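In what follows, subunit A forms one complex with subunit B and a second complex with subunit C.
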Partner chain A sequence: MSSSRNKNVVLSAVKQNAPIVYLIIFVAIGCLFVPNFGSKANFLNILRQAAAPAVSCIAMTFILITGNIDLSTGYIVSLVSISCGIMVKTLELPPYLVILLCLLIGCAAGAANGLFVTVCEIPSFIVTLGSGMILTGLAQLVSQNTSYHDLPDNFRAFAKAEIFSLPITVFYALLVALLAWIILHRAVFGRELRALGLNAQASRMAGIKEKKSVFITFVISGGLTAFCSILMTIRVNCAQPDLGGSNFSFEAITAAVIGGTSLLGGRVNIPCCVAGALIIKCIESWINILNLNYYLYQAILGIAILIALIADALKNRER
Partner chain B sequence: MREKILELDHITKYIFNVSTGRPIRGTDVKILDDVHFDLYKGEVHALLGENGAGKSTLMKIIGGIIPCDEGVMKLDGKEIQFRNSREARAKGIAFVHQELNLCTNIDVAHNFYLANEPTGKFGLMKEKEMYEKSAEAIRALGFELDTHTKLGRLSTAQQQIVEISKALSYDSKIIIMDEPTASLTKKEIEMLFSLIHDLKKRGISIIYISHRLDEIQQIGDRMTVMRDGCYIGTMERAHYSDEQAVNMMAGRVTNNIFEKEHIPGDEIVLEIKDLKIGEAAEPLSLTVKKGEVVGLCGLVGAGRTELARTIYGARPDAGGEVWYQDELYRKRSPGKSIQKGIVYLSEDRKIDGLITAAGVSENLVLSALHQLFPGGLVSRRRQKERVGQLIGEFNIKCMDRDQLVSTLSGGNQQKVSLGKCFAVEPKVLILDEPTRGIDINTKFEIYHLIDQAAKQGLSVLVISSEMAELIGMSDRIYIMRGGTITGMVSDEEEMTQENLVAKIIGV
Partner chain C sequence: MQKSVLKTKEFFRAVSGRPLVRTLVIIAAVCAAAALIPNFLKFSNLMNVLRQASVIAIPAIGVTMAMITKGIDLSTSGVIVFAPMCVVVLYRGGVPFFLCALCGILIGILAGLLNGILIARVGVLPFIATYVSGTIMLGLTMVIGNGGSVTGFPKGFTQIGNGSVLGIPWSNLIMLVCVAAGALFLAKTKHGNRIYALGNNEAVIRMEGLSPEKLLIAIYGIGGFFSAIAGLLLSSQLSTVHPTQGNSYQLDCVAACILGGTSMLGGSGTVVNSALGAVGIAAMRNALNLLGLHPYVQNLVLGSLIIFIVAVNVLLKRRERRQQESFHIRRAENG
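And now, the complex of A and B:
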């Protein structure tokens, strides 16, 4: 009796954290069949590359949990990146101020999205599609077709240091994940967001302030996306107006959905989201090592999101 | 003339899930119990009964929208069982719904042929024919409508004419009309009645559902009364009287089904002054005292739920004041109400009551999150404590605390809803149909819970369509009709089903 019960507990734990199991499978397959995949250098590389996508994926889950979607994240990344370049190179502002201002730009962009979604009651899908266009136009305008290479060292130091021979960006991503985990899994606010995603009408009746909560998630998401943009800008050492783009938004959504987040809202698991981001980077790494066509990566990403969506749809039948 | 066209015998239907149409596991509540119904050619047969008497369910069975579980249906003497409404329509049974099933943004002709468009070459619609033939069909009823007009621009009565002409175009022999006059003006009603007389002359039979006794007397040839899913009796027009109809609808069993233990106090906790629940509604006033259970009765559409939600702050008012504990309660919202200790149990637990895809625990504490965890962080220990307490108090039967609410029985779901309300330790409870769709045992458990709550000093405003339960629980009962309160009953002697039914209908 007790052994079967333990079995059930293990089984349900596996079910709830399936993306982590998939990640282990993906890594195992890579180690067995892809040469050099299992090397320390490659693992470090994957981690380094995965830090920013993990942050953007967490930013996306904040939006997805209430059943909304943000298609403008990629363009927030672009705008923040180019603003960052202008601020450090042309205006020569001190690094901490630049980072602060960049985060504010992200939050402001998120807040604008949030206002349209909550106050004007326009579906987030169309709001962010439109605002994305505005943001990318804005990014191109301020950049005047230039990008800023060779950012100053004192600015790059923010994301260049290493701790225990691991890049500091990994720790940033872990910190963001921890905070997000506390907010979404342990705080009243997260509980309310999940309730809103599952049944907005019942949640309103239970006294949850829908509009305020949704607005806050957009602001948080915008800020996190800006943070992600800073990490990426420093990593490529170049501030440019096309750093993000629509592919970036799609990657963030894919990682979140592979990580078990439901597009209908209400279902979220932060560790699994991180696993989702890592899975995508694993696939990218295979393709790089095997020297396959990069377009294959995009196709595989498309297939991955479809499989994840089918799995999600099957789960949602219970609702 | 006396040719039986439709006959139903021993029709029984068990309670079912409205969204899936499948029976609900673990319950055997009957919504129709051994019902009999027949219809002659060319007659108007009126169907009477309170809310939830089973009229609509019976009509849905006749119209092929839902199947019956037991019983026989005979059409023209032949046994028949419809699988869907299309089959019923093919056999000449048409349904004119209370909420018209037409599209307001397309024109009359396209509505007339909706999902049945005549097609010519390449499968394209024969537009010209549609406009001409639909105009002809409407003219045949004695009306003139431009079939190019968008349906939304027509009055409700005109829309009804479109629907009826559409029904006739299928060569219908039986037309079911579910409260067709609910939103019509006097003149329009006369128009409809003359149309019904016309149809009768053409040998078409009509099943007419209405709450308005005067209308039924005017056009009904026979009247059948239903109550609590049972067939009560049929009257010929010659023997009809309002009094007898009301008696049959209410039933004789008014002996107290429930012993009250609570005694209402004197202090007024909630006072509604001249509140208007809509722009067109008359202002209404009511009071609820400490430790008092106040009932609110009326037909569906009388504005009971709207009133409850307006007080709670889930919908805006059109003027008037709500006083709570001697203070004017301004800018009401669900969040504020819960903070102040006013909670609302919604009518439909699946839509806006519970989060059925979440577990029992999460649902129970949903309204009380800020109260239970003032720091903003969820403490598992506190949640476990509170949930354990509530599960015990409300006798919720679940496998474990995180069992999904969607997998619970209706009665247990309702107990979770109630538990959620009590979790915030309220002072005023507004309960909207607290016993809808649950078994009799759970009903009594809930009566007891409400009584105990009042005994402890809670003020309860309860909406119910079941007269017996309202009379059993309440100290006073307000009557609502047409968006406002039309009366109040507080004397024990006046609280009878006959009296209330008469007041609700407005005889």
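And now, the complex of A and C:
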């Protein structure tokens, strides 16, 4: 009796955290069949590369949870990266002020998206498709087609340090994940957001302020995306107007969807999202190690998100 | 019942009078451009605008149909590069060109049908299904072309994009034929009417004993067909295939439909208006080009324009709906 109950508990835990299981399977396959995949250096590399996508994927999750989407993520990254470069190199502002201003720029971009989605009630994908174009335009205008190499050391120190031989960006990502987990899984606000995603009408009747909540998620997401952009800019040591782009938005959505976030809203699991980001970086690492055509990455990501979408749709049909 | 629905529809179409507003916006944009730029009104430049508009207008037919059913098609940019890439690779492999072109169009149709199946049968949201399939096709195009451009189309084919007959460029003739076919199909055939019915009220289609799923799959299939034709046309204009040459069309097609007054909320929109919208978008890009503005500034303008028009459209539609509701309430009160 108790053993079968235990089995059920384990089974449901596995079902709820399927992406983590997939991650373990991916890593195991990689260790068995891909040479050098299992080396410590490669794992460290994957962790380092996955830090920024994990943050952006959590940022995306905040928006996806209410059934909206942000296709402009990659372009927020571009705009923040180039403004960061200008503030550091040309204006020579102190690093912490730069970081603060960058986060504000991200929040402002998110707030603009959020305003159009909530006040004008335009579908979020069309708002962010349009605002994405505006943001790239702005990034190019501001940059005048230059990029800023060799950022000053005191700025790079923000994300350059290592703790226990792990890059500090990994800890930043973990911190963001922890905060997001608390907000989405343990706080009332998170429960309201999930309720909105599952059934907006019922939530409105229950007194949840839909517009305010959606607007706040867009602002939070913009800020997190800006943070992710700072991490990426420091990692490549170059502020450029085409750092993110549409491929980056696609990567963030893919990571979130593979991580079990439903595009119809309401279903979310932060640890699984992080696993999703790690899974796509594992795939990228395979492609790099096996020396395959790098352009396969996008196609494989597309097919992976397609499988995840179909699985999600079938799950929703049961619901 | 049917009659009263029709009557209220006619009533509000007359009241809102938006098609006129739409056309005025387009004309105003063109006039503003012409007034600003000396070279804009030259005959050769106007022909150029029309030539650029053709690649936007043709896929916009499919996007219009998708938008009428409350969906959208963002896979246009993927098909626009993937179809000609397959064509050129097959042709270089020694297949006769006629068969290659047929294959390219078939690939477009297949991609569209796949979109339709994902949307109608599996239940994936239209914008995400088409966005993902477009990205996959873009990725596959990159893989095939190794990230660069591929050339080697036969000479006769590139003549289509750049040549003309009786002074009218082939591109425009093809656009006219496609738009006319799409407009007639949507406005005059019973399947076209069913598409509007599906957008307004899905239950009507079910009551008629028809399958909305099959209709949706067919709509996205048609969209894929037109995108493939536009892709071939673009390649024949440029006589090459580069994975990024289709990028701007994803948004341009949606923008053309929106400028043409197709509602994001479904149920309304015509192919002719979308084609006019396409001409408007092409004219705008051309004017900004003549002004010497960078393409990114064009993106800025276009992005703002899309958000602005959709916001206005949505607000108008909402007011219309509120009026309609109060109209019905008054009717019910008066018996």
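Simple rule for what comes next: the second predicted complex is superposed on the first by the 319 of 319 C-alpha atoms of A that agree within 3 Å, B and C clash if a C-alpha of one lies under 4 Å from a C-alpha of the other, contacts with A are read in each partner's own complex, and residues count from 1 in each chain.
Note that in this section a residue touches a chain if its C-beta (ideal position, glycine included) is under 8 Å from a C-beta of that chain, and two chains touch if they have at least 3 such contacts.
Quick caveat, the model's predicted, so the values are computed rather than measured.
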(message) After the superposition on A, what does A:L138 contact: first (subunit B), second (subunit C), both or neither?
(response) second
(message) Which partner chains sit in contact with A:I168 here, subunit B, subunit C, both or neither? Use first/second/both/neither.
(response) neither
(message) With both complexes superposed on chain A, which partner does A:N293 reach: first (subunit B), second (subunit C), both or neither?
(response) second
(message) If we overlay the two complexes on their shared chain A, which of subunit B and subunit C does A:K209 touch? Say first, second, both or neither.
(response) first
(message) Contact-wise, after the overlay, does A:A195 reach subunit B, subunit C, both or neither (first, second, both, neither)?
(response) first
(request) Using the superposition on chain A described above, determine whether A:F250 touches subunit B (first), subunit C (second), both, or neither. (result) second
(request) Tell me which of subunit B and subunit C touches more residues of subunit A. (result) C
(message) After the superposition on A, what does A:L101 contact: first (subunit B), second (subunit C), both or neither?
(response) neither
(message) With both complexes superposed on chain A, which partner does A:F125 reach: first (subunit B), second (subunit C), both or neither?
(response) second
(message) After overlaying the two complexes on chain A, where does the subunit B footprint on subunit A coincide with the subunit C footprint?
(response) none
(request) In the complex, go through subunit B and note every residue touching subunit A. (result) 314, 333-339, 344, 346, 351-358, 362, 366-367, 369-370, 373, 376-378, 404, 406, 420
(request) Could you please specify the touching residues of subunit C with respect to subunit A in the complex? (result) 72, 74, 118, 122-125, 127-129, 131-133, 135-136, 138-140, 142-143, 146-147, 251, 254, 264, 294, 296-304, 306-307, 310-311, 314-315, 318
(request) Mind listing the subunit A positions that touch subunit B in their complex? (result) 182, 186-189, 191-192, 194-195, 198-199, 201-209, 266, 318-319
(request) Going by the contact rule at the top, pick out the subunit A residues touching subunit C in the complex. (result) 69, 71, 116, 120-123, 125-127, 129-134, 136-141, 250, 253, 263-264, 293-303, 305-306, 309-310, 313-314, 316-317
